[in-house]
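Next come two complexes, and both contain chain A; in the first it sits with chain B, in the second with chain C.
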Partner chain A sequence: MAERKINVKGETCPVPLVETRKAVRTAEPGDVLIIQGDHPPSKDEIPMAVDALGLELLGIEEDGKNWTIKIKIPAEV
Partner chain B sequence: MKEETVYLDNSSSTKMDEEVLEAMKPYLFEKYAVASSEFGYSLGIKAKEGLEDARSTIADNIGANSEELIFTSCGTEASNLALKGVAEKLPEDKDHIITSKIEDFPVLKSAQRLEKEGYEVTFLEVDDEGFVDVDELEDAINERTGLVSIQHGNQEIGTIQDVEKISKICDQKDVLFHTDATHTFTKLPIDVSKTPIDLMTLSAHTIHGPKGIGALYVKDGTDIEKMMDGGFQENNRRAGVENIPGAVGFAKAVELVNEEENQRLKGMRDALIKKIQDKILDTTLNGPAKDRTPQNANITFHYVEGESITLHMDMRGFSVSTGSACFSKSLEASHVIMGIGGDHERAHGSVRFSFGRYNTMEDVDRTVKAISEVVKRLREISPLGKDK
Partner chain C sequence: MTGKTTLIVQSGDHDKVYSAFIIGNGALSMGMEVSMYFTFWGLERLKKGKLDKGPLSKMNFLGLGKWIMKRKMKKSNVRELEDMMDDFVELGGKILACDMTMEIMGVEKKDLRDEVISDYCAVGTYIKEAKESDITLFI
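And now, the complex of A and B:
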């Protein structure tokens, strides 16, 4: 079980989602992914993907224009 | 239980048929020698028989003679050989080539390369459905024109060009005619014994055959320079040890296609287009409603990006492709959608669905359901939205 940060600040659609998917593919069950970005549509798009992939959304935090999304990889994806 | 992936990118490549693999196996494990003449050893002679039987099967399918078919490593190589190989052999006063703006990259880039080398190249415009204006093409031919290359079916939007008419014009004007038939071979009838086509690109992996093998039909008497130096294979027109398992698999793939399958592809294509248009607002069908390759549907979903759609469809188990290429960060839009007069928004929101042997009507319904959900949700968050 590990925590992994993915920094996609300065990137626009679809790069934040692509990087998230890449991290999900290589993550182990139980891992937590922390995605940090600032592109507003990606903040809505990543939770949509989390839902489709059956992952657990731990939370979304916003700080000005920056946002952080925490995702947990379930036991079986 | 997770449902199986619905693969709708058969114009990029197809799943190889099991029967193709079975046909190839003897040439990988038993008759694996290099093809040899009657003066060589038995294993090589048997390999050569397999190669020539394959050549004959494919040639028969297009009404050609066996010796008019050159096996290549893929369709890309075949188109490169067609344009560059012919250009090199053209007389000095024949330095003009005509093609269209929406050709697939092998033809487009080869033509651009020849332009850099000093040939004059006319890139014809197409109309809003992707059709070349045959009269315009005829007018573009002059006394210096040596070669015309117009594809049979478009890779992205499925437009079927009138190659019969175009080839006859070229024939009358004594100009060589090449067509890239990668997306129509075995799907639409092509008979080079009746249609004056001089060169034609064919590929195996788009018809459930193996990757790594293609072919170029070269009409008897057409002068063509080989692109790679080496041995004397393929009648001294393409050097390199022949891919005999690939050629045998290619021939098997050709044998396995039938008209019933093509009608089935057309049925799925039409059902998908109609259901999407009925269910989702603000869509545009790219390419023609008629005269379209049986496997191809291409739709722009306005206010959303094609890449977002393909990513979200993938996460739901659907493989589709887009004409958008933001991944490269170049923001390069599809040259085909732009070529038919589309703007960047239309190009970036375009999604191609291409059907193959293993698709079913159930796939169509599942795809329509999934894409309706994806487009709806993406439009809710899209910065391109109508109201934003």
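And now, the complex of A and C:
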């Protein structure tokens, strides 16, 4: 179980989604991914992907235009 | 993987090829399987060194419009087309080349980027895949 940060600040469509997906593919069950970005639509779309991929959304934090999304990879994906 | 997206890329226009890869990469990111069928002018973009070389579908102005568009995209930090294709392949997307277009246009396998092409096929393969797809688009 590890925690990994993915920084997509300054990136635009579809990079935050794509980088999230890449990280999910290489993560191990139980890992936590912390995605940090500032692209407004991705704040809503990453949780949609989390849902579609059957992952666990641990939380979304906002600080001005920046957001942080925490995802947990479930035991079996 | 949940669901499938199948795209036909018939246009070789720069902006439309961009749209195709953005949609393709978005669908892969959402956990879908994705196949992109390159045919007619789209197939030109699979030739070695040609991915980025299409004109804009509107306001190309002999390349000036495209140059302006590329500058604007760079300013907005839009990922390069070549990198989008790398992402597509890395996330497991399939690129298919239309065999008939190759024959009509006199394109040979050696002219194409064989390393990114999953298969060379015809309309039957597309229909089979499209029937199994949740999303299919003609670009």
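Convention: the second predicted complex is superposed on the first by the 77 of 77 C-alpha atoms of A that agree within 3 Å, B and C clash if a C-alpha of one lies under 4 Å from a C-alpha of the other, contacts with A are read in each partner's own complex, and residues count from 1 in each chain.
The rule we apply is simple: contacts are C-beta pairs under 8 Å (C-beta built on N, C-alpha and C of every residue); 3 or more make two chains touch, one makes a residue touch a chain.
Here the structure is a predicted model, which is why all the values come from computation and not from measurement.
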item: Partner chain in contact with A:G10 - chain B first, chain C second, else both or neither; value: second
item: Contacts of A:K22 with chain B and chain C, given as first, second, both or neither; value: second
item: First, second, both or neither for A:D44, with chain B first and chain C second; value: first
item: Partner chain in contact with A:I71 - chain B first, chain C second, else both or neither; value: neither
item: Contact residues common to both interfaces of chain A (with chain B and with chain C); value: 13-15, 17-18, 21, 48-49, 52-53
item: List of chain A residues in touch with chain B within their complex; value: 13-15, 17-18, 21, 40-41, 44-45, 48-49, 52-53
item: Touching residues (chain side chain B, partner chain A) in the complex; value: 305, 307-308, 311-312, 315-316, 326-327, 329, 377-378, 380-383
item: In the complex, chain C residues that touch chain A; value: 2, 22, 25-26, 28-31, 76-79, 87, 90-91
item: Footprint of chain C on chain A - complex, ascending; value: 10-15, 17-18, 20-22, 25, 48-49, 52-53
